[in-house]
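In what follows, subunit A forms one complex with subunit B and a second complex with subunit C.
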Partner chain A sequence: MIAFAHPLALLALPLALTPFLRRWLASAPVPRLDLRTGGEAPWTDRLLKAVGVVGITALILGLAKPHLPGGTRPHQGHGANLVLLIDRSFSMDDSFAGRAPNGDEESKSAAARRLLFEFIEKRPDDRIGVAGFSTAPMQVLALTQSRSAIAAAIAALGERGLSQTDVGRGLAMAMDMFDEAAAPDSRAVVMVSDGAGVIARETQEALQALARRNGVRLYWLYLRTAGAKGIFEIPRPGEADTPQLRPERHLHIFLQRLGVPYRAFEADSPEAVDEAIQAIGDLESRPILTLRPLPRRDLAWIFYGLAALMAGVLAAARRLERAYAPRSSAPTEIRP
Partner chain B sequence: MRSPVSARLAPPLAAAAFALTAALGPSLPLQRDLRDALITVDVTRSMNVRDMNGLSRLEAAHAALRLWIADQPCGTRVGLAIFTERRSLTLFEPVEVCADFATLSAALAALDWRMAWEGDSMISRGLDHALKRAEELKAGLIFVTDGHEAPPLPYSGPNRFAGESPGGVILGVGGDTPSPIPKFDDLGREAGFYGPHDVQHAPARVGPPPADAESRPGFHPRNNPYGEADLEGAEHLSALRADHLQELAAGRGLVFLRLSEGPQALSAAFAAPKAAGTGARMRRIPAPFDLSPFFGALALLALLVGWFAPSGLRSSPSASGDSS
Partner chain C sequence: MTTAQPHLFEALVWRLAQRISGARPGGHRGLARGAGEIFADVAPLARHPDPRRLDLRRSLTDPFGEVFVRRFETRTDLTLHLLLDASASLATGAQADRQELAALLASGFAQAARRGGDLFALDVGCGGRKALEIPPGRSLNAPEEIFARLRSLAPQGEGLEALARLTEALPHERILVALISDFEHAPEELDELLSALRPRPLLPIWLRDSGLENPPGGFGLADLRDPETGRRRVVLTTKTWAAAQSRTSAERRAALKRVFERHGLRPVEILDGISIGELSAALEEAPP
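Up next is the complex of A and B:
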């Protein structure tokens, strides 16, 4: 539907009646009644009046700035509703070797940031939300399609992190972020962390309930620091195996028991992170209905162009107008 | 030579030319200086006090900032950060206000005291951290707080600010009457209010004692150099500490403003020279000035004049011929 940015200009529309006040073409000063066609205005007059009305109307409509007001249109794409749950503890600022990054080393958070940028770049149809967690979970960005907003939220991960890691409440927040617009079969939480913590029993129960209700799929991208125990490593007999000493392994076991599709990736280098993100991308690609933004489109130029055409016709008519000269009759041959 | 015919022909020709120019969309290549903003919102417990006409301070801040953002010219970028403990944390870097208004508004609405990773509220240190962060992002700072320091500042007062200040506004939120601070239990359910025994009423007893310590009850130069006046107080109630915030603002090239003064006042304060810090960072963006309405209006005028052009061809047929 066409909308007007300056609707007040439309008040000038009665000016379009001006052509009915005067003739466009000159009237001959010397009346020659015998040249008139039956006492009514010739067809050229009526045509030029119509051209004038159209031209003036088009100009006034153009001045009112007509446009198509944009919005969104549904789009069938391939992707998923993803919540990126990102560890904001300060250990993420260390390199994969577990020390402050120097020279050509990349910190874990910088690697994650760079690869996530690439990830969102390649997947235009995803709706992505971002949540962070340290001691407290925080919702950074509700599920959105705005690439600029997602990029700004990922860029902000470059700031130095906070203190501790409370995985349980972070997961609960991420699972709770899916709204009605997220189809139940395309919801996924991607948790990126370099450690885990013990999840309290109440939180465990809450998580189980949430997972059952929301039906999310869960991915854990574990950024393993050199020297840290892996999540898949089964302790040797005699070695302590408690959630306090091996929180990552026990978190993995807990997530497996959660009753939702779950997959863990262990990455100990930026390349491994890249592979894991690719794999998640391949798994989370199913048809989803999303909205594509439709920009506002300006229509004024069409009206101005039409007006220019009409004014050109009127100018041509003036250029061609002639005063009525007595039509010189064909020389009469006088035969003697 | 101006023959009557060219006088009659000029208006429609001019109208055609003007309308064509308007259709091509000419514009003046003007530029506009915009200042990005980093909004840092205090999410400590005292922001839950409901003394903003029934709204909590956080809710009132959300409502006012949303209006302010809606007021900014397209192209301005606004980022969002939260403050608690002694530092700020950027949620997202500045985004363009028109394209991402929904994001900004939703993120403001989602601000919550539960995001606070610790309970302390060291405002002067958080403010300094936020200033540093805003400077990195080349944006002005809008720091939204009630000025309630918890624990109270040491007797020596806040740290002096050293470094580059990008300037901006401290937006004071809260009422003038001290009001109780809601308290929440482990599961986030509201459970009454903080009482006088829940909070610390004076700075920790480290560093130099207060200047008037000698006159305080229980003072002893060796055994009790701080006196006993710091055992009770009204720190469990919270009001807008305007004086404290004014002082902080003055030392950092910022302007103090109350949230209740409205979005226009915020825009004015943010643009004021006093809020420029050690040099406001402006971003120059092209802001083409559309000239097509101007040409469209000229075309309309010419076309209307055309209908009233002198109509009589009073000259002799020879002059009215193909002279032009």
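Up next is the complex of A and C:
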């Protein structure tokens, strides 16, 4: 349905009737037309009137800026509703080697950002939200399809991190971010972090309740720094195994018991991160009904073009305009 | 008023000075013989029984003893009644300014009538309305004034109705009716007017315009409007169209001429401009 940006301009539409009031060609007085038959072109007059009416109408419609209003249209794609939960702790700014990055290396957060950019580019149908956590969790971007917003949100994570790593509240926020539009079978939280912390008892209970209610799938991409213990490593007998000393391993165990589909990836280099993200992408690709935005389509050019065409026809008619017989300007002659 | 105008008047005076029959004394040399100033001839008393003009010498010297009387030319007067058809078509034209031509001719006739001692009357019909009326009179209206008034007249109206109505009031004798018109009429309309005017002596003067008769054939669009009926028509002008226009125009002129001939008339045709030589010849040839 065509809409108008300046509907007030349509008030000028009665002007389109002017061809019925004013004639386009200058008329030449010729006596006794009824006796001067032959060569009539009755369609020419009607055609000129029609061209005038169409031309003026098109011009006014063009001025009213007609457009097809944009909107959204349902789209059956492949993807998921993803919340990227990204660790904003201080250590993320270090390289995988555990030191401040020099010219050849990139920091863990930079690598994660780069690979996430690539990831969202390859998946146009995903709805993605972004949250960060360090001392406190913060929602960066609610679930959206806007690629530019997502890219900006991920880029914003390049700011320097804070000190603490409050995984529990971050996870709770991420799980809470799914809205009504996210189908329950395609909800996933991707947590990217290089460490973990102890989750308080009450937070654990809240997480379990949230997980049961929201039915998310959970992925943990653990960016392992050189020298740090892996999350899958079972401590040797005699070695201390407490959440305080091995928070990553215990978080893994807690998440496994959460009662939702869960998978952890351990990456100690950008290549490994890439592989892990690919794996998550493959796993989280199922039919999803999303809304694709339809841009507003400007139609004024069609009307302006039509008006220009009609003006061209009228100009051509004016060019061809002539009198019945040219009027001589010579004075009346009296010859002897 | 142009410098050539005196010549025009001469031509008209010459035409009007030809003998026209009439019984009332006037400025023209009449065909009738009787009492007058200019001696004409002698005739037997039996043929011209006017004993007041006995020619004694001729009678006495006649070997057969017949009685003769002198006869003199009578002088007659006449009214030159000019009818001008000033319907809206008079203002149209291409090669000619027909309104100016009409004004020139009318003032020329007025001048000629004044110099011939005749009465001059003018009636201008604009379609169904009488636009200007000058009753028969002498020298009351200077030709210059007639020219100016006709020049500033706005031709309007449609047809010949006013002129046709006028004809009823025109006298049948001692009148010369000059009818100036562009004759943009159908043959039937012309026939009607001529029937009403005849048998008065009639001098039709036809203002023609070669531009309107033969339009040029260049390709184009022309929006035509009939000034009398308001009828409009857009035509695509081509060579074929121009040829068709010239043909129908010629056919119509021929049809009008046949109507004139049926009434024993031959119109004086003024094509675009006045040629005094041709006008004189035409005036001479025109049947009275």
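Side notes on the structure shown:
One rule holds for everything that comes next: the second predicted complex is superposed on the first by the 291 of 336 C-alpha atoms of A that agree within 3 Å, B and C clash if a C-alpha of one lies under 4 Å from a C-alpha of the other, contacts with A are read in each partner's own complex, and residues count from 1 in each chain.
As a convention for this text, a contact is a pair of C-beta atoms (placed from the backbone, for glycine too) under 8 Å apart; a residue touches a chain by one contact, two chains touch by 3 or more.
These figures come from a predicted structure and were not determined experimentally.
In the superposition on chain A, contact is made by A:Ile334 with subunit C only, not with subunit B. Look at A:Arg113: by the touch rule set out above, it reaches neither subunit B nor subunit C.
In the superposed model, more residues of subunit A are touched by B than by the other of subunit B and subunit C. Within the superposed three-chain model, A:Leu314 lies in touch with subunit B and out of touch with subunit C [touch as defined at top].
By the document's definition of touching, both partners, subunit B and subunit C, reach A:Ala26. By the touch criterion defined above, A:Leu141 reaches subunit B but does not reach subunit C. Once the two complexes are laid over each other on the shared chain, residue contacts for A:Leu48 go to subunit C alone; subunit B is not touched. When the shared chain is aligned, subunit B comes close enough to touch A:Tyr304, but subunit C does not. Across the two superposed structures, the residue set of subunit A contacted by subunit B and also by subunit C is 23, 26-29, 321-323, 325.
Residues of subunit A touching subunit C in their complex: 23, 25-42, 44-45, 48, 317, 320-328, 331-336.
Put simply, subunit C touches subunit A in their complex at residues 2, 4-5, 7-8, 88-89, 91-97, 100-101, 104, 182, 184-186, 211-212, 214-216, 218-229, 231-238, 240-241, 244-245, 247-249, 252, 272-277.
Listed in rising order, the residues of subunit A touching subunit B in the complex are 12, 15, 18-19, 21-24, 26-29, 52, 55-56, 59-60, 62-63, 65, 88, 130, 132, 134-142, 144, 146, 148-149, 152-153, 155-156, 159, 162-163, 202, 300-302, 304-305, 307-309, 311-312, 314-315, 318-319, 321-323, 325. Subunit B makes touch with subunit A in their complex at residues 5, 8-9, 12-13, 15-17, 19-20, 22-25, 79, 82, 89-96, 99-100, 102-103, 106-107, 110, 112, 114-118, 133, 187, 292-293, 295-297, 299-300, 302-304, 306-308, 311-315, 317, 320-321, 324.
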